[in-house]
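Both complexes below contain subunit A, partnered by subunit B and then by subunit C.
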Partner chain A sequence: MSLSSLLLAGRGTDMTSYFSLLYLGAFLPLCLLIYSIFPRRGKKYFLLAASYTFFWLISGKLVVYLALSTLSIHYFGIWLDRIQKERDIAVKAAEKENRKELKRTYQKQQRLVLLFAAILHIGVLLTLKYSPFFTTNINTLLAHLHIPIHLAVPRFLMPIGISFFTLQAVSYIFDVYRGTIRADSNLFRLALFMGFFPQIVEGPICRYGETAEALWNVKTIQFTNLKLGLQRILYGLMKKIVVADRLNPFIQEVFSNYAKYEGGILAIAAVFYTIQLYMDFSGTMDAVIGTAEIFGVKLPENFRQPFFSRSISEFWKRWHITLGAWFKDYIFYPVTMSKPMKTMTSAARKKIGNHFGPLLAGAVALFCVWICNGLWHGSAWSYIFFGMYHFVLILSGNILDPAAKWIHKKLHIQPERPLYRFFQMVRTTLLVIIGELFFRAEGLRAGLSMFQKILTDFRFTTLNGDLLSKLRMDQFDLFIVGITLLLVLTVSILKEQGIRIREGLSKKNTAFRWAVLYAWILFIVIFGAYGPGYIPVDPIYANF
Partner chain B sequence: MRRFFINTIRSLGFICGLLALLLLSSQIVKPKGNSEADGMQDPRANGILGEAPNTVDLLFLGDSESYSAFMPLKLWKDYGITSYVCGSPGQKLYYTHEFLRKTFETQSPKVVILETNCFFRNFSYAEMVESTVSNLMPVFRYHDRWKSLNEKDLDFFTWYSNLQNNKGYVYSTVKNGTTPKGYMHFSKELEPISDKNLSYLEQISAFCRAHGAKLIWVSTPSTKNWNTPRHNTVQKIANELEIPYVDMNIMRKEIPIDWKNDTRDKGDHLNFNGALKVTDFVGKYLSERYALPDHREDPRFKEWDVALQQFNKTSDNALGYE
Partner chain C sequence: MERLLAILEDIQPGVNYAECETLIDGHYLDSLSIISLVAELEEEFDITIPAVEIVPENFNSAKALWNMIQRLQEEG
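Moving on to the complex of A and B:
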């Protein structure tokens, strides 16, 4: 028996889902128990050890990627910090007229270090995640051109969560470069920020300035935090196993055999998939944020009632918020604020006015953001299409904004009226569903074919009990999904109104609280889609 | 400190209440009978729960290989041996262990035959724990029965009376033959077996020993599933645990399987022809080594004749009945 197998390396792949029995029933309770009895000063080190143990269990030897990534940004950060310190001393000592030039010289040095660090990290991600895709496409192109060369398609083992921790690493080094944060001289603190176990698989993508200090200063578990954290995990569990997993057989069957089904059924599958994706990902985020809450750490929210969005651009401010914010801060702004873009904007302002002028540079930046967003989700044309689809929607929204305002004025439409807001939400949701159809489809061609069928063959004639039973669903499943969605909708409305439900519940008397919790737990146990006959959906975002 | 104690006691109180509710809901959702209509999982294998207490002398355990190869009604007809196949599709050893324990609650088999294909079917710790928890609280296994609950379920009383006429055997006359290549070629290799499976094999062996049942491991013929490295591994463990091991894949003279006619799916499982040959051998083997009682003249076992008649009716008199 090898040492790695003896130490259970990669034996915990079941724990990739934060709702797995192994994680919720063994790893997390054990972790909380040991954490509680650990001396106060050592708690942070235990948390770091637990995080690396978790990653070791789910990824085995691939944990080396996380360790090397952390180690490298640690030293890149220190390197940048040293340059900044040298610059400050040099600038202070220099004559006033030389200071600008001196700053520029140091800025160049910093930029080189930043570039080197970013290329290294993004390069590893590109190699592991995208080289098979690029090589396959090059081979297709060569075949089309009748060039008898065939490149071997590389296959790499990719550590889970690499897309998430790479973005955290790049954001850290960027923030040090920008001077938003100081480089961390403590490797362990940085390692905990990078590898904190509840967030390593699916995010949220945290910023060093937001969470590193809080993680490093963890204290004794407070009973209130424990209660609130567990309640949040329970809420996520409900979303995941009652809704996302219950819809899985239908979605899998229809998307895999779309040619057999009518457009109406394909449209239902697209709606179901959008619900599933939201329930799976936001449910996981509930578990992640809830777990961090137990330790007294506040992680950034990744969802803010996205289906209440009135436009696609608002949707992306409410859906996978930390990814959107990352692209905004580290791609959109740097591109918009770059010299060529600034020159282009001022030239465009003069020619096409103050509204459309800045849009040009914005469009270029937006294009970069959405091509990256598409590719970040996966190395396939369907993901690039997904990115471009949102790029076009957001850009056209920006371009048509004055026209929309003009139409509102002419038609005496008051955009703030509830009915019109509702119309905007429905419209946005429909556009999102179309995007998710391409996102889930098994390839771009399949997505286009499904979309075409929805437009040309929108029928439900075969949608009956027989079909539902073939798709391993019945009216009871739909009823339970409906009830749960209604529950989630109610919670979302209350949250939108700023009402804190868990805090409200904690103020009620014990009998009421326990009754609610018992009912909630039994609801999940009885109506959850698990056990014989069910195949749980793998954590969707863990694959990105 | 006082606050800590209050919180701990409250939490324990909450957990106790939750456990009570889970046990209560388990009583409601758990199947009240052992048939498919009652919602029982693996009703064919669980048919043993419907057998009269202490009437089954021989128990077969295993995956689909077991219920395709062992024919209890033939053993009854030829030797008067009462047996049952607690085999289920893709059975894993923790589940085999459950069936074994469950069977011994009402039966006292003298011999247990364990088909070896499931020795190489891996499973995770989570599956194992899930199964154990589900046994303690059936709500986790049968929660989906909420769709078919009725007032009978509020009785909490279970009545396992459903009998399986084939006694766990799956009758198939489908012929889908094969020409095996490289089947059971000589090799010194050992197929790896997981620690978890090994541990369950030891537990099953200890359980049988503790309950006075003789355990035998049998590898039924299968060109698709069996090979020499697997044989070597099983033989090695059998020697270590001192368990008799019969590999029918290397007994071509004693069990002359014709792979063109005796398999229903190209060598994966045996069909009725193959099962006849295997069961013939098992009958002879047992009668030579173990004195299992012949119950054919015992009026308490009339039900077995009825089952045989029923089987013959539905299988074009496949086993014949005088």
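Moving on to the complex of A and C:
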């Protein structure tokens, strides 16, 4: 699609990827150039205009969803603020013994507003994203029960990024309700927080208290920020086009025609997909966080070396961190801290002890978190299965914890020894790969069939040069992927040890720095998987 | 403070609660212990601990916990 038609019609998918030529080669440089020459006071307004232009370019008229979502959440915030101000005045004027009751009355009013706002925003998301799934399943159920009713399956056009900006909107109104932030009276500041263009497609899911002020106070681009930001974008670009895109033909072919392949090849495809997903999503986050860094804004990290996790529970604290934190703060704790759950915890703890007592409330809350997590990724049974798979793994980890400690003691296993830690990391990675197999499979039935084949037909007999070339891969591809993964692993180990690589590099002499930079760019240009024969993987998380 | 230390000792024994300042960051209290702790504190001190108070700053030491309890008691 040409730039002129894009500008006229909007809704061009060419720019959904932050690594597309149109975005990296035209939109971002142009945006940085205009931003630099814009007067200092107007920079934030330019950033807001650029964000809406970007969203218009990728979503067309669906940009109205973002605008309405922002307007509505702004209004709800003001409404809550008004109640809170009234409450403060009334409480101050009241006798001490009446204050508790007064606070409760205002709390009830606030809760109603919060509920109304959350239902409205999540309701829109549910309708657009899930109503076809739910009506299809209701129709299937009705047919099974021989009830002659058939509901029309609705189809809606859904704006890209709606799952991300809806969660930001809900977190904003929740935080105003809780009093951790004050409602923003400035609609433009809130709009920039909701729609900042580098993060609108795939997150990270930011909190108002973390980024809104920094975005509103953007200043002149500093050379250090520009340099560090571009380096981070380059690192993400390498992950995406050297690894994720290079593995794409193999993954597409095997997952689409899984019945043709034996278990060993399906297992390789599952491993490749896990690598691809990590390289694509974390690479995109590098580009997003790097771009924000250029503007001097620090966005929250979404990944922290997830494959060094020793348990599934730890994995989810290191993978898509902002989504996990959102679920923890707005689902897990509100559920476990609700009155019925607290009463249940107190009673259960006295009867079944310290470990299993709180587990009941924890299990209910975990179930809510993981059903939402599965559904958030998409409206299909395979995603629900993916959520339930992780729910079962985390819950069993908690239930079996005392038994594991007992076994360690009996067998004299020291869990902190490097070899045992390594064993735990490998075990966690294997469990993650199985989960991702179901996540990527084309439907739950396909996932189950693939998994069964891996268990019962684990062979590599057909894996040879002919098959690889059919899958549009050769030894060279594998070599390049291997080298790049080794590089990413080295960087991950250094980061895990707290070594800041980009800052370290900037302290080296100029010749060394430029040599590294040129070698790196050349590596990406030469070994990037683009051009005929390669179909770049669509930004995976943009569809969620 | 003595009552608080006794509750902590009952929920997760073997930690020097009087001095430890990394109860959350040092993984001495996990999310299940926190669920128990909140339920017990509410019952013992007649307070309501909203989810928003569950942040490491309030749970990292017995002293921080005690400050939170007193604050919530005062706020009523």
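In this section, the second predicted complex is superposed on the first by the 534 of 544 C-alpha atoms of A that agree within 3 Å, B and C clash if a C-alpha of one lies under 4 Å from a C-alpha of the other, contacts with A are read in each partner's own complex, and residues count from 1 in each chain.
Here is the rule we use: a contact is a pair of C-beta atoms (placed from the backbone, for glycine too) under 8 Å apart; a residue touches a chain by one contact, two chains touch by 3 or more.
None of the values given here were measured: they were computed from a predicted structure.
Asks: Just checking: does A:518 make contact with subunit B only, subunit C only, both, or neither of them? Give me first, second, both or neither.
Replies: First partner only.
Asks: Based on the superposed arrangement, let me know which partner A:359 touches: subunit B (first), subunit C (second), both, or neither?
Replies: So A:359 only meets subunit C here.
Asks: Determine, under the contact definition given at the top, whether A:424 touches first (subunit B), second (subunit C), both, or neither.
Replies: Touch status of A:424: no partner.
Asks: Determine, under the contact definition given at the top, whether A:398 touches first (subunit B), second (subunit C), both, or neither.
Replies: The answer is second: A:398 touches subunit C but not subunit B.
Asks: Can A:528 be said to touch subunit B (first), subunit C (second), both, or neither?
Replies: The answer is first: A:528 touches subunit B but not subunit C.
Asks: May I ask you to decide whether A:252 touches subunit B, subunit C, both, or neither, giving the answer as first, second, both or neither?
Replies: neither
Asks: For subunit A, give the residues common to its interface with subunit B and its interface with subunit C.
Replies: Looking at subunit A, the two contact sets are disjoint.
Asks: Going by the contact rule set out above, which residues of subunit A touch subunit B in the complex?
Replies: 14, 20-22, 25-26, 223, 474, 476, 510, 514, 517-518, 521-522, 525-528, 530-533
Asks: Quick check on the complex: what are the subunit A residues that touch subunit C?
Replies: Against subunit C, subunit A makes touches at 99-100, 103, 178-180, 329, 332-334, 336-337, 341-343, 345-346, 349, 354-355, 357-359, 361-362, 398.
Asks: Name, in rising order, each residue of subunit C that touches subunit A in their complex.
Replies: 10-12, 31-33, 35-36, 38-40, 42-43, 49-52, 54, 76
Asks: Subunit A touches which residues of subunit B in the complex?
Replies: 3-4, 7, 10, 14, 17-18, 21-22, 25, 29, 41, 124-126, 129-130, 134, 139-141, 143-144, 146-147
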